[in-house]
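In structure tokens below, several structures.
Both complexes shown next keep subunit A, but they swap its partner, so subunit B is in the first and subunit C is in the second.
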Partner chain A sequence: MELLRVKNLKKSYGELVAVDGISFTVEQGEVFALLGPNGAGKTSTIKCILGLRKKDSGEIVLNSSVAYLPEKKELYRSYTVERMIKTAKSYGKNFDEKKAYSLVEEFKLNPSEKVANLSHGMATLLYLAITLAEDVTLYVMDEPTWGLDPLMRNKVLSIMRKLSLDGKAVLYTSHILSEVEKVADRVAIMRKGKIVEMGPLDDIKEKYILVSVPKGESVEGGYFYKETTEEEIYLVEKATNIEGQPASFDAIFEALVKGERK
Partner chain B sequence: MWFAIDFNSHVPVYKQIKENLKALIAAGKIKEGEFVPSIRRLAQDLEVNLNTVARAYRELVEEGVLKVVRGMGYVVVGVNEEGMTRENLAKLRELLLKLKQLNVERRVIEKICEEVFEDGAAESEKP
Partner chain C sequence: MRKELYDMRVRTLWMFFILLAIFLSIAPFHKMIYNFLEKESFAVQKYVGKNFIANLKDWKFFIYTQWFGKNFGQLIPIIGLILGFPLFSREFENSTIEFLLVRRTRRDVFSSKFLAATTMLVAIVVFFSFLPWIYSAIFGKTLDLKVCLAFMVHDLTAAFFWMSVSLLFSVVFTEQVKALLSVLGVLGVTTALGFIKPIRFLNTYRYILSADLMRSSIDAMYTISLLIISFTTIFISWKVFEGKDI
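Take a look at the complex of A and B:
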């Protein structure tokens, strides 16, 4: 079931085109990742979806209840963890307080600790606990693993995976590719406000190969990836008449985002 | 059921699942007629998406390795020997081409063939 449909979304800030006509959908039971370098338009896209920014044009059909983890994890600094949760409960519609506390415990946060004393990572975890305690179908998370140590990051990824298995969906942004590969089912790679590649991760990995040519030559339709002392390496779509090396998702991402196409 | 998935590998996850299951069947760890875990269960165990496991199972059904028992799940038919043979012959051809490029003489390769096909020698002649 389609929970979210974005069609030809556009958003500019004055002269700056942040989102330039993108379309995608998020289905129930999937983890969908919006990827791209800083300034590619990921956060603007999310804010338009949630109505926090006014879109210039395009269509957004949101068919689901939503909980949102913003990029800036700002909480009330003078509150304790416990009071923060109580406050969230009073704002929330379907807020499960028990779940919030069990997550706080799982994340090893002290309920009587002041928010001001939490590290970046711990504040992210508290915000995550509050977001995840909201019983909704679509979780929209902007950089949910920002500042987390590897153990906690894996825990959060595992929670995201479980959400998808329970028929929920996650739309999230990240710039850490190794974790994206672990948890995302479909990804959209953004560059300068446009989606340059989208699909199941497995399909994208199977689509491309890396081809090296002597310096000075180029590969028609290929994306420049990098150069060595005597060669240039290009990312190209697989075809029967081209020989190449398998491309990691890292390489695919880097070449597409550089966007130097021949 | 659990096996390691290399998420950073260039090999798609569904293919890794297929290869792992085939290896388990070929090694006799899952036997003919036995059920493999449900799609949901394996997705949970490996922490991957349902669609990824579903895709692996679908292709294994197409290859004749698994079959669907309605309302029950997926049952092992056996590793499709014809398919495995074809796959491995293709690998052998590739290896032979490489050896040819390395100027390995034909009789050296023929000697390996003779040794392998001699009775009882097959198991000890792994490269």
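Take a look at the complex of A and C:
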């Protein structure tokens, strides 16, 4: 079942085109990762989906209830963790207070602690607890694990994985490719407001190879990846007449977002 | 709206205690203030007129001029301003506006903030407009309730007007200090320009501190004009907020 459909979405800020006609869908039961460097248009896309920013054109069809974890995990600094949960309950329509407290306990947060006294990682965990306590079908998370220690990061990733197994969907962005490989079913790689690659992770990895050529030569249609003292390495789509090495997801991502095509 | 009222508690309590302190530094010291001014009447009367000091002996005149016409009256725009300027600019500045807008519609968020600020404004202005009358009743003095009501109408209207102006700047600016300085600028400029006779209507203090109120005479035209401008400003604020990118 399609929970979200984005079709030909465009968003500009004056002369700057932030999102340039992108299209994708998010299905029930999947984790969909939106990847790209800073300024690629990921946050603008998410904010347009949530109605926080007005789209210039395109179509957004949301067939689900949504919970959102923003990029800046800012909560009310003068509140305690407990009051923050109560506020989220009074504002949220599907908020499960018990679940919020159980997550707060799992994340080892003190309910009587002031938000202002929480570290960045702890504030992220509190925001995650509040977001995950919303009983919705689509969770939109912008950099959900940024600033978390490896233990908590793995915990959050397993919660995200469980959400998809429970029939919910997750649309999220991340800079940490290793975690994307762990949890994402499908990814879309954005560069300068456009989606340059999209699909299941394994399919994308299958689609490309790395080809090394002597310096000064190039591979037609290839994306420049990196150079060594003697050769240049290009990312190219697999074809019967080209031989190369399997490409890691890191290499695919780096070459595609560089976008230097020969 | 509970969250909004909770967020305003510190500001409101501060205003409440400051106003209460000012009132209690005036009302119980009526005789003392009068005796002091009478002694200095020769020096003072060239600024305030011959009969002013003598009239201060009268409790009614004293409260109308020293509370409504001076201390409380002068703070009326500030009350509206303090309640209005952080409403949205603080949420923008702290990036907490997203927390609200993904959970509620913009209309809900705007109306709950506006209603909370209006509730606090009405509570403060009404309480401190009636406080002299309550005090008079307790201490066996007489005060004309009609005059208190007349002052209250002017004070409420003016405070509501300045709150609506603050609300507009609060929606436009994403930093609290810009919203505050802008509305203070408008207050300063309109008050200063109001000293020029043909455009004296710009000075809202002339309306708030009007001597006509001592005869319980309300300036209906100015009241209606201020209310129309206030509601227009609130509507513009809503339209700005409705279309604002977060």
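As a working rule, the second predicted complex is superposed on the first by the 262 of 262 C-alpha atoms of A that agree within 3 Å, B and C clash if a C-alpha of one lies under 4 Å from a C-alpha of the other, contacts with A are read in each partner's own complex, and residues count from 1 in each chain.
As a convention for this text, a residue touches a chain if its C-beta (ideal position, glycine included) is under 8 Å from a C-beta of that chain, and two chains touch if they have at least 3 such contacts.
On a predicted model such as this, the values are computed, not experimentally measured, just so you know.
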Contacts of A:V66 with subunit B and subunit C, given as first, second, both or neither: second
Partner chain in contact with A:V31 - subunit B first, subunit C second, else both or neither: first
Which superposed partner A:D202 touches (first subunit B, second subunit C, both, neither): first
Partner chain(s) touched by A:K93 [first = subunit B, second = subunit C, both, neither]: second
First (subunit B), second (subunit C), both or neither touched by A:L50: second
Touching partner for A:L165 - first (subunit B), second (subunit C), both, neither: first
Touched partner set for A:E74, first subunit B, second subunit C, both or neither: second
Footprint of subunit A on subunit C - complex, ascending: 2-3, 7, 94-96, 98-104, 243, 245-246
Subunit B contact footprint on subunit A (complex, rising order): 29-31, 157-158, 161-162, 164-165, 178, 181-182, 185, 200-203, 205-206, 246-250
Residues of subunit B that touch subunit A when the two form their complex: 7-15, 40, 43-44, 47-52, 55
Partner subunit C, residues of subunit A touching it in the complex: 47, 50-54, 66-68, 70, 72, 74-77, 87-88, 90-93
